[in-house]
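There are two complexes below, and they share chain A, which is joined by chain B in the first and by chain C in the second.
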Partner chain A sequence: MAVKNFVVASFDDEAVLFPAVKKVRTAGYKIHDVYTPFPVHGLDQAMGLRETSLHTAGFVYGITGTTTALSCMSWIFTSDWPMNIGGKPHFPLPAFIPITFELTVLFAAVGMVLTFCYLCQLAPGVKKHIFHARQTDDLFVMAIEVTAKTNAAELKKFLTSIGGLEVNEQRVEAGWWYGRFDREDRLFDNKQPEPVNA
Partner chain B sequence: MHLKYESTLREPLVDGVKNYHQVTEDIISPIEGKPGKLWYIGFFISLLLLGFGAFSVTWEVYYGTGVWNLNKTIGWGWDITNFVWWVGIGHAGTLISAILLLFRQGWRTGVNRAAEAMTIFAVMCAGQFPIFHMGRVWMAFFVLPYPNTRGPLWVNFNSPLLWDVFAISTYFTVSLLFWYSGLIPDFATVRDRAKTKLRKLLYGVASFGWTGSAKHWQRHEALSLVLAGLSTPLVLSVHTIVSFDFATSVIPGWHTTIFPPYFVAGAIFSGFAMVQTLLIIVRKVLHLEEYITLGHMEAMNKVIVLTGSVVGCAYLTELFMAWYAAVPYEFDTFYKYRAAGPLGWSYWIMMTCNVITPQVFWFRKMRRNVLVTFVMSIIVNIGMWFERFVIICTSLYRDYLPSSWGYYRPSWPEVGFYMGTFGLFFTCFFLFAKYFPVIAVAEIKFVLKTSGQNYKKDMEKFEQQSAEVFEAGLHHDDDHHHDPHVAPVHHS
Partner chain C sequence: MKDQFVVPARLKTTSFVLMGIGLLTLLIGLFAFQGEQGSTRFWAGLLQNSTFFTLIVLASTFFIAATTLAHGGWQIGFRRVPEAISMAVPVLGGILFILLMILVFTGKTDIYHWLDAEHVKHDPILNWKAPFLSKGFFTTATIITIGLWSFFTWKLRKMSIEEDSWDLSAATGKKIVWRNTVWTGGFLVVFVLSVGSTTPWMWLMSIDAHWYSTMYSWYTFASTWVSGAALIALFVIYLKRNGYLPMVNEEHLHDLGKFCFAFSIFWTYLWFSQYMLIWYANMPEEIVYFKPRVWGEWRPIFFLNLLINFITPLLFLMKRDTKRNYSAMVFIAVVIIFGHWLDFWQMVGPGTYHHLVFPWFEFGIGLGFVGLIIFLVSNNLTKAALVPKNHPYLKESIVHHT
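Coming up: the complex of A and B.
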């Protein structure tokens, strides 16, 4: 993606975080993201995120599994190699149900997990910037992108006033890259950071 | 805040004074320290067992299945008994992680991670038995339907044994995905507090680069819910299909329609017993008594007494039907060769362990007694092993033809193979307990402020309020979220 400037504030309680999210949005700032150590219910609505469509994807994968199982088994048993198994019918639908069900579940589960990983850019070896080491422990960390129109100093003051702790400015890669968490990756050493609000 | 209101009458799920950081500290710090002496001893014993198992299996593969004491009459013995037993044990993990999630049972959060790990390891153990029973294991891939040069000669899609291949492999895959997707955020927690380079590197890879973004959590929640919804019928289907291996045959003692629900209840019964065995040790060794509380154990003991009684009813139903159906072969199987006869002792071990002894759990005091629970969990597992042995061997050893009647006792490679799977199971479990967060950290944090002991007092003021005042407070505080099911809770 791109190297961007962010103003970062931490919150130590949901009771402070929720009003803060609302105030930040009302003030017209665009929240880049809020990082939380556990799923905070209602935060997605508060941030104005749309509901995920992952369920729909799961349904589509499941149907694919059903179709695959049914069509393969019936093709094999009726046309490719019609075997005589104790004189039983070549298209025994009830006997196909267990495998059809299992493949439905298998396709839906595998498909959904892969889609989830793809959408969230999760894979072994993927690295992303961690704004605060405690965002996976006990802090709720809000990152707001600093654009040409943003007055960073004012934003910092504002975030402190609404309960933000350790408010600071970070210039980081906003996307993901292949990297190792035991190394400090200097992704933009050769690029001099442009002065903010020049 | 965004929290659900939970009555103070409900027992806390997390004891002691905790905040989010303390939860992380309590659960993650055992990973960061050196394991104790007990861990090394246990791990070493597991490795020895695994080694002996590998030796027994190698012996069997080299000389053929003839080294097992199976014969023409008793074609299934310890191997399939152990297979069904291990698969059954796995079922409790999925029940806890999936079915209890759908039923919104908060107490599952303390035990689901370890129970799911148990599921995966148990299914791994189970899978060994049918594979090595094939004899020529290098042909094991013949069970897969793939276009081949032998015709193509396809597998028989009508056969319950093939359904089993699909059921067990799907079950293993889905359980693994479910388990690992829950582990990703917790691995990120370990990664971000790691002090050593190696730990940062390894947990960094294992955490897939998780950051805890709000959008990612939203998708994660959706994923967990759908996987739970998929796993629920899946877990029921797996043991149903395992029971079809028997029920679709015409052997007296196997050919019964009661098998699917009876097997599923038995699976959950034995699985919960194994969860108890493992968690009683884990909570003690890793000092997690505040997260895996007596309340958790009591809840699981309730499931044990329920499913144990279901299984007991199934035994009685079988006996009744054997008499009522008036089929002499079936009557003899149950009354002459199962409840009596040379293998009759196994039937009475099963009855005692599965039906009689679990009745102690009708008493609250017993349900909350750690020692009683531990002893009972082992008794139940012995009983459930014998249940499978009884179903398989006592139905087979008295054939239609008295000249083929026989007796069966295992040979050393069979016993060694079984011991080896214990080795595999506990080797995996010891590694899990050392290197993985044994309790789902993020999920505990999620329920902490409703169900933690030190947050319970915050609910007291709502208990005093009238419904109207409570309702008014709800709307007053509702300006920053729109979930109608939540109560305003402020912490100072």
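Coming up: the complex of A and C.
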């Protein structure tokens, strides 16, 4: 949790956003995040984000499910409580496969959903600052962190020059917090600016 | 932009060498397999290879039809490749047709024992199946299916080439999309009624005439469709490596890789569904098919089949990077095609020549077919520009992002 300064710019066109992201990165500014109303293909590469490790996690969960199902059933039907079902052997591998498959899918699916929530820092009640009210509606919103080396005034001018529509500076909580949006201001030492087009 | 394919001399030589190997094997086979038992293997080997390779080139027509009907724009950039592959359907279909007619009309009862009229009379099961498993129905159905496949393939290809001389206006685009939708829709009805239901029962399942499995056709379809996708990937990579198809990149390859991955799993799903129900019920008339395969001489092939066609693609193609890597895709595509060729071998072999043999003859004939496919496809690739430049979805294909 850290309160930081951000320079925020909104864009209304993908065709402007992509070159803007590129120019901001080339200029050496640190993009905090770009908020879009829908998944924009290729934006993650443009922003230089590393590839997600979600699928590796999914594989591990899947393998865990396979192992759990197979070992559990094998143990039950061979040593714990052997039963004669339709004259089949006590270790009827083909009969185990559907359940193994289901458990693999279940472990992978539930595990990946939870991991996804963890990676995106999502949970019931967890709040994050909304830089612009229209970032989930019809605008692309880019937030750039103001570090010690950043000249905020220059950055604002730069963003306007590359197509940013509403450029402003906000001092907000960068991470997540647990609570309510209407009490958000308690976290900060100064009030956040009113949205321009409210 | 290199838009016109020219067959490189090396590719031409390769195809002729492979076809030569095929012909040589055919000749050797003709002399090596004499007599009652010997000729069984000769005909069974031909049947296995010609059905397999006909169905995997037909998978290209299916690829065009399915992606067109789903309004998939991503494949337009390399659509001429499946088109060229599909143009091998009339030729391979012709070979298959001649072969089937020889089998049926010279009465090869060692392949199709339902051909033995005297035996069928005293066999209630075969007698009951006689309307379906008869010379008349078999011939008629074979002519109709191969004829319709060839017709639709030819029609789709003709329409696509014709559109190259049209313009880029919106009205033309709508017309292109509409008529392709109609014709591919028509083809899919034919395809589902043939490959998806009766044709594999007739050509392959009737080797074990007493046995039946409704899953069999879907299983065959899955087998040939995944190999067909691998074949498309191979040709796309070949062209890409030789500097053609500038608009195709790893994004398109990724999607082809996903097809190979997904349908390898689909194949396993059908394989297992067929196997488990029969294993569970354990009825003599049903397990007769799996008896020689699981507990007989063919046991190693049976499990090798599962290893090559399920475990290998599953683990290999699971990672995103392998699906986007040209060399990795070449490797897995060859493995998939070989694996499903092996699958067809164990579908045909145990029911005809019973004993597990080293498949030099089958493999040699297979190489001949590979050569023939390379020859036909490379020739067809030269007959049209490599990019359908007036297709309204072309842009979608160029900017495709997985």
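The rule is simple: the second predicted complex is superposed on the first by the 181 of 198 C-alpha atoms of A that agree within 3 Å, B and C clash if a C-alpha of one lies under 4 Å from a C-alpha of the other, contacts with A are read in each partner's own complex, and residues count from 1 in each chain.
Simple rule for what comes next: contacts are C-beta pairs under 8 Å (C-beta built on N, C-alpha and C of every residue); 3 or more make two chains touch, one makes a residue touch a chain.
Just so we're clear, the structure is a prediction, and the values are computed from it rather than from any experiment.
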(Q) One more residue to check, A:H55. First (chain B), second (chain C), both or neither? (A) both
Q: Have a look at where A:C117 lands relative to chain B and chain C in the superposition and call it first, second, both or neither.
A: first
(Q) Contact-wise, after the overlay, does A:A27 reach chain B, chain C, both or neither (first, second, both, neither)? (A) neither
Q. Of chain B and chain C, which one touches more residues of chain A?
A. B
Q. So, A:A95: does it touch chain B (first), chain C (second), both, or neither?
A. both
**Q.** Partner chain in contact with A:D138 - chain B first, chain C second, else both or neither
**A.** first
(Q) On the A-aligned overlay, A:A108 touches which partner chain: chain B = first, chain C = second, or both, or neither? (A) first
Q. Where does A:G42 make contact in the superposed view: on chain B (first), on chain C (second), on both, or on neither?
A. both
(Q) With both complexes overlaid on chain A, does A:V126 touch chain B (first), chain C (second), both or neither? (A) first
Q: Share the list of chain A residues that count as touching for chain B in one structure and for chain C in the other.
A: 41-42, 51, 55, 95, 98
Q: Spell out the residues on chain B that touch chain A in their complex, using ranges where they run on.
A: 1-3, 19-21, 24, 145, 151-154, 156-158, 160, 162-163, 166-167, 170, 173-174, 177-178, 181, 184-185, 188-189, 191-193, 197-198, 200-201, 203-223, 226-227, 230-231, 233-234, 237, 241, 244, 441-443, 445-446, 449, 479-483, 486, 489-491
Q | Footprint of chain B on chain A - complex, ascending | A | 13-15, 18-19, 21-22, 33-47, 49, 51-52, 54-55, 58, 62, 72-73, 76-77, 80-81, 83, 85, 88, 92, 95-96, 98-99, 101-103, 105-106, 108-110, 112-113, 116-117, 119-130, 133-138, 176, 180-182
**Q.** Contacting residues of chain A [partner chain C, same complex]
**A.** 41-42, 51, 55, 59, 86-87, 94-95, 97-98
Q) Can you list the residues on chain C that touch chain A in the complex? A) 272, 275-276, 279-280, 282, 318-320, 401
